[in-house]
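Presented below are the structures under discussion, each in the form of structure tokens.
In the two complexes that follow, chain A is the common piece, with chain B as its partner first and chain C second.
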Partner chain A sequence: MSGLTLRRPSRTTTLMAAAIGTSLVLAGCGGSGGGGGTAPSAQGPECAAFTQYGDLNGKTITVYTSIVTPEDQPHIDSYKTFESCTGATVKYEGSKEFEAQLPVKVAAGTPPDIAYIPQPGLLASLVRDNKAIKPAPAAVSANVDKYYPETFKSAGSVDGTLYAAPLGANVKSFVWYSPTKFKEKGYAVPKTWDEMITLSKTISAAGEKPWCAGIGSGDATGWPLTDWLEDTMLRENGPEVYDQWVKHEIPFNDPKVAAALDRVGGILKDPAFVNGGLGDVSSIATTTFQDGGLPILEGTCYMHRQANFYAANFPEGTDISENGAIYAFELPPVDASKPTPILVGGEFVAAFTDRPEVQAFQAFLSSPEWSNAKAKAGSDIGQSGWLSANTGMDAANLSNPIDKLSVQVLQDSNNTFRFDGSDLMPKAIGSAAEWKGMTDWITGKSTADTLTFIEQAWPKS
Partner chain B sequence: MTLLDKLGQLVVAIVVFAAIIGLVLFVADRARGRRAELWQSILFLAPSALLLIVGLIWPALRTIYQSFFDRTSTNFTGVSNYLTIFTQPELLLVLRNTALWVVITPILATAIGLVYAVLVDRTRFESFAKALIFLPMAISFVGASIIWKFVYEYRPNQGNIQQIGLINQFLVWIGLEPVNLLLQQPWNNLLLIMVMIWIQAGFAMTILSAAIKAIPDDITEAARLDGCGNVRMFFSITLPSIRPALVVVLTTISIGVLKVFDIVRTMTGGQFNTSVIANEFYSQSFRINDYGIGAALAVLLFVLVVPIVVYNIRQMRKVNAR
Partner chain C sequence: MTVIEDVAGAKPDLAAAATSPSAAAKNQLSSRWASAAALVIAVLWTIPTFGLFLSSFRPERAVKTTGWWTFFGDWSVTFSNYTAVLFRGGQPLINYFVNSILITLPAVVIPIVLASVAAYAFAWMKFPFKDTLFVAVFALQIVPLQVALIPLLQIYETTGLGGTFWTVWISHSIFALPLAIFLLHNSMHEIPAELIEAARVDGAGHVRIFLQVMLPLMKPAIAAFAVFQFLWVWNDLLVALVFAGGTADVAPLTVRIAELSGTRGTDWHLLSAGAFVSIIIPLVVFLSLQRFFVRGLLAGSVKG
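On to the complex of A and B.
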């Protein structure tokens, strides 16, 4: 008995020591995170534009995006002046699983401060279903009103309230081609859809394939075809019908949509026209979108319809210019007498909190200073394919001629724009049924069956 | 996060773990009286029970609950999610594919493993031959899928374009046209199943080989003396002797197959009619944001797995009891 009582206290003391040890380590860990902010460096002239954001010393803003390496670097670089002038720290996290993970983070109650959302449809669902997004602060609204086209403003708005300012933008209605090859063969850039088909037939008659395409993109396989359909919707039926289609005021399997899809099929489902250097019609489904236009360089394909950002997929050193190895023309209209809206896309800055430093960062991102800083940061490290719809953006900061051309297109007040329809539609359509439907369509399903499948998937509630 | 931060977190995690274990031991040690043993058992079980409740039981109950609600888990919709699964043609196809997987994979993987185990048993190069078929087990599903994607890769037979896929290169060598293999429905499902078999045959072979070696020599010798030939030997002696091990292998593979996700997602992303329940559950929940159907699919998967798990555990006990 006495032996037991002797041993017991010693065991207790050991445990006590362990417990004290634990709390010490925990305390030490908690301390290191806190006072880490550095004082703003000397307020030089470059900081003049940043005084409006006040002193944010020691504050941290977390950003969650789908933009991953290597495209993330110019983003991170573009925040440097903001960070050094205001003292705030921006923590950037890119994820390829962004679209799936963001709603999970929101539902779990641990959203980031700011997310760059590439689809207005996802933005709308986060606003309506989760009520998680704060309306854009006044400074952001003022910037958007002043610098951005209406199409971009309304794409960042839900039920008439602006929630998210535009960030990057892309111009989708481009057909990539090789000016040198066209010149060599004596082909001219087509001005109307019919001319484009005639040209395709000429090339085909010469024993070559005029078009190449690829829609493979992991579990987003099919999305390049949704852009094709949107472009032909605008050309076949005009912007009013396009808007009705996007808002589901006409069904997805309306004859007008069928006509537009058949117009796509007139090119992509014609074995005489595709798939230059890549296989038969069905090879479009298994070719990745990154590889889809590369045969132009090899001379096995003549035309590839893809947005301005496709510039980044050509090998480094490719001469992308009006008379070079690669350039792009605007996808021609069906009826040249009517102006055709330009199909655009982009991502949007949504905030899940209204802390002052976050609102200051939002205001910065919506300002021309940021767009220009981002463009410069990209050009500095030789990246192309990025631009912004901010009218305060100076095209001289971009290195790629197609990007410069895109900025001119976006800033031309005579142009009208329409936002990428699949990105505006509910996720069940724009990020699921339409992708699957289009993939099935290119591998053999009929136009009518495909459109009916997508129509039936439209959410009832 | 710097390396130092991560190491700090690691240390904290270890210390906290040690402290909790210490606390449990300390309290258990203080238990006195007639029921001391009962209290001690409860205390020792508490941490794992707590983790099971938080990490498994509560989410399972919540998933079942959600499966009766709509897309955003706000309105009760009864069994309509289940009705959708069993009526919508696209989802019926998913069920058909899952059935294909569950029927074909365990049978083929086990059969290949068994035949292989019997063939190499007590040969000179047994361990080398076993290593060959066991190696794929060490490759992750995603890694294996990428390897096989290259095997099936397709390039058109035009001009100077070279095939990069093994199978299509063979086809071109013997003078046939290359085939875009992953697009050939419904055969593409078999091409995906092939990957799973490639991984699992090694597992089946290892377990079954051990079971074959455990058959007592006196039985086999007696059979030989009675004039039993090789084929008769296999069906009358080997197979009955290793039956419990065979069932364990079959059911274990079945459970793995029902949950298959990585292979489908990596190779086709569920496109070209190759989706299975686990893949469809992910895309419904996280891509389409339809938590109702996602949850219903998860529950369906659960219902399908449970009987196999129960059977598997029972057989496992039998094997262990011998």
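On to the complex of A and C.
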């Protein structure tokens, strides 16, 4: 560090000055943004359904969700008519850190206007503990009463008050299979649980593994097994016992629950039945749920129980149709003579503010116009795996046969539904103890020990 | 903290340098066995990154079904992952480069400007409670930034800064300042006092000494800190996510990459390509500044 002369103009100094200058310019840029004042609403015929929301010119509604790219695009597109007809601007923000960030935003006093809550249990805790959610306005209640099944309404309600209207829905009681492969081998889609086990044995006897599964999902590892348990609870014990179980009127380690879990174990813990194309029983815990059903495409696995949204996991261009490479059948009942409720899930629209434009947007989201716009927007860009339980929804707007099948299932008035139990239970169970317990269970813990472990974690109140 | 002591400490002593601890360390570290061990560690350390790099060129189906090492049996190369992350969809990564740069530059420049001025004051000016203040500033280094998230967010919201780049710039500056002041202070303190005195005799005031004597000498330390801070801010997810949020007009690359795999993780095969796209600029910065970085790593750590 020699050769210093005092009077030499320093390069660093000039650089520094330039940098400061740049930062000031950049600072100028940062301040701008915050849209608003779009062109006044053009009143075309497509706006007829929107006059009820009034003139919302210059108003902004912020939406915060856990739905990110690429699934967010049809959401953003579906608001366009609402925006152009009412003049409001909808600012959409999706984040995979939604569940961690939402409480931070609420605590800091900066909640979004609207959040799409993926679990009714989270909704209940936001309502009871944070007292941050506004009850649904009258227009929303009217829409929900008119268009949604009771199961969805009660899942969006806390203590009898409707807080959040349903948004999307998923149908969970599906078994994915390959119609072409079934045809080739002469297997038929099973109509009862026993038929399904017989089919599994036939496949196993032919030297192949009938089932494949994966429960890995980062922090949420284990959740696919909670769906399995819920589905078998409904089939083994019927909806009344299921409701008692979800509300903790019977303990988590009740013999009825044990019977249901053993039924799951009859498939997933049988080394002759799993894990097609992926390994032995313990590989279920280490395989991600995204990969769990892919062996069906390879021909190394025949059946995979997962919700309708699993369609998105198959590589682009896969023929998903009734006679194609991939399709799904309803998980069969144990007793075919009794109606079996369908296991469903979904997300809900909760509002943290009650400004008129926010309430108008809530009403729009609960209307059939939105469900159809969303379905169309998804089909337009070739996305599948989304549907709504709105009975005003037209299945023709969906492109994927599985989505159409799911809508038929949801709109079939003979069907009864039950909402995903782990989403309804307290967070300590549905998003913690049950995931851990079920992961331990698949890696060797006994049914009784597992259920007792979960029962002990139930919050005492 | 007298000037005399420092002059003695900073005086170059050639005889002592040969047997100084750093010279001994250098001898030990450049033995043949040490080199071999370093090589093995370097290779082991690089393998995962190398695998990630190969994965980024493999087709979706191959990524999802087999490991990267099977690449050597099946040489199918595709750029579709890169085109997908860079250009496809409603929010291609290429749009987020601008945000990342807009966030990073001020978040590097602001703490450097403030810290170099503060370091000068702590090193060469006399004022009451100087040492106490300096210890207090450095002690802030042990406060985890997570505890500041919610209070800061509340402040930003009440001052109307919420959702702008300002929140990220200010937050990064706050979190960077303790370390920046400490590092720059130490390296500034090593500069021989004679220089300052000579400048003073020539009639230079504090401003002139700072700009014309200190800054040129501080170049390596500033560059080293700039690299640190640049990498930290560029790779930061938490601060950007909490303060700026995830909207396309303010979110940096990291926020977008965190969401690259899609709502249910179905597109995870894109992550490796996304990682390498985000690495490009830090790599360029690091390579062009690495000689400062290595020199600056020692800044303030070894004296004499």
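In this section, the second predicted complex is superposed on the first by the 424 of 461 C-alpha atoms of A that agree within 3 Å, B and C clash if a C-alpha of one lies under 4 Å from a C-alpha of the other, contacts with A are read in each partner's own complex, and residues count from 1 in each chain.
Heads up, the rule we're going with is that contacts are C-beta pairs under 8 Å (C-beta built on N, C-alpha and C of every residue); 3 or more make two chains touch, one makes a residue touch a chain.
This structure is a prediction, so every number in the text was calculated from the model and none was measured.
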item: First, second, both or neither for A:G279, with chain B first and chain C second; value: first
item: Touched partner set for A:A432, first chain B, second chain C, both or neither; value: first
item: Touched partner set for A:V104, first chain B, second chain C, both or neither; value: both
item: Partner chain in contact with A:T443 - chain B first, chain C second, else both or neither; value: first
item: First, second, both or neither for A:T221, with chain B first and chain C second; value: first
item: Contacts of A:P315 with chain B and chain C, given as first, second, both or neither; value: second
item: Which superposed partner A:L294 touches (first chain B, second chain C, both, neither); value: second
item: Dominant contact partner of chain A by residue count, chain C or chain B; value: C
item: Partner chain(s) touched by A:P459 [first = chain B, second = chain C, both, neither]; value: first
item: Chain B versus chain C as contact partner of A:D129, first or second or both or neither; value: first
item: Overlap of chain C and chain B interfaces on chain A (superposed complexes); value: 11-12, 19, 22, 26, 29, 101, 104, 218
item: Chain A partner contacts - residues on chain C that touch it in the complex; value: 60-61, 64-65, 89-91, 102, 105-106, 109-110, 113, 149-150, 153-154, 157, 162-166, 169, 195, 198-199, 202, 204, 211-213, 215-219, 222, 241-242, 245-247, 249-250, 255-256, 258-260, 262-268
item: Chain B to chain A touching residues, read off their complex; value: 5, 8-9, 11-12, 15-16, 18-19, 22-23, 26, 29, 70-72, 75, 90, 154-156, 158-159, 161, 180, 182-183, 265, 269-272, 282-283, 286-290
item: Residues of chain A defined as touching chain B within the complex; value: 11-12, 15, 18-19, 21-22, 25-26, 28-29, 32, 99-101, 103-104, 125, 129, 218-222, 275, 277-280, 282-283, 285-286, 300, 427-428, 431-432, 436, 439, 443, 453, 459, 461
item: Chain A residues within the chain C interface of the complex; value: 1, 4, 6-8, 10-13, 16, 19-20, 22-23, 26-27, 29-31, 33-34, 66-73, 76, 91-97, 101, 104-105, 107-110, 217-218, 288, 290-291, 294, 298, 309, 312-313, 315-316
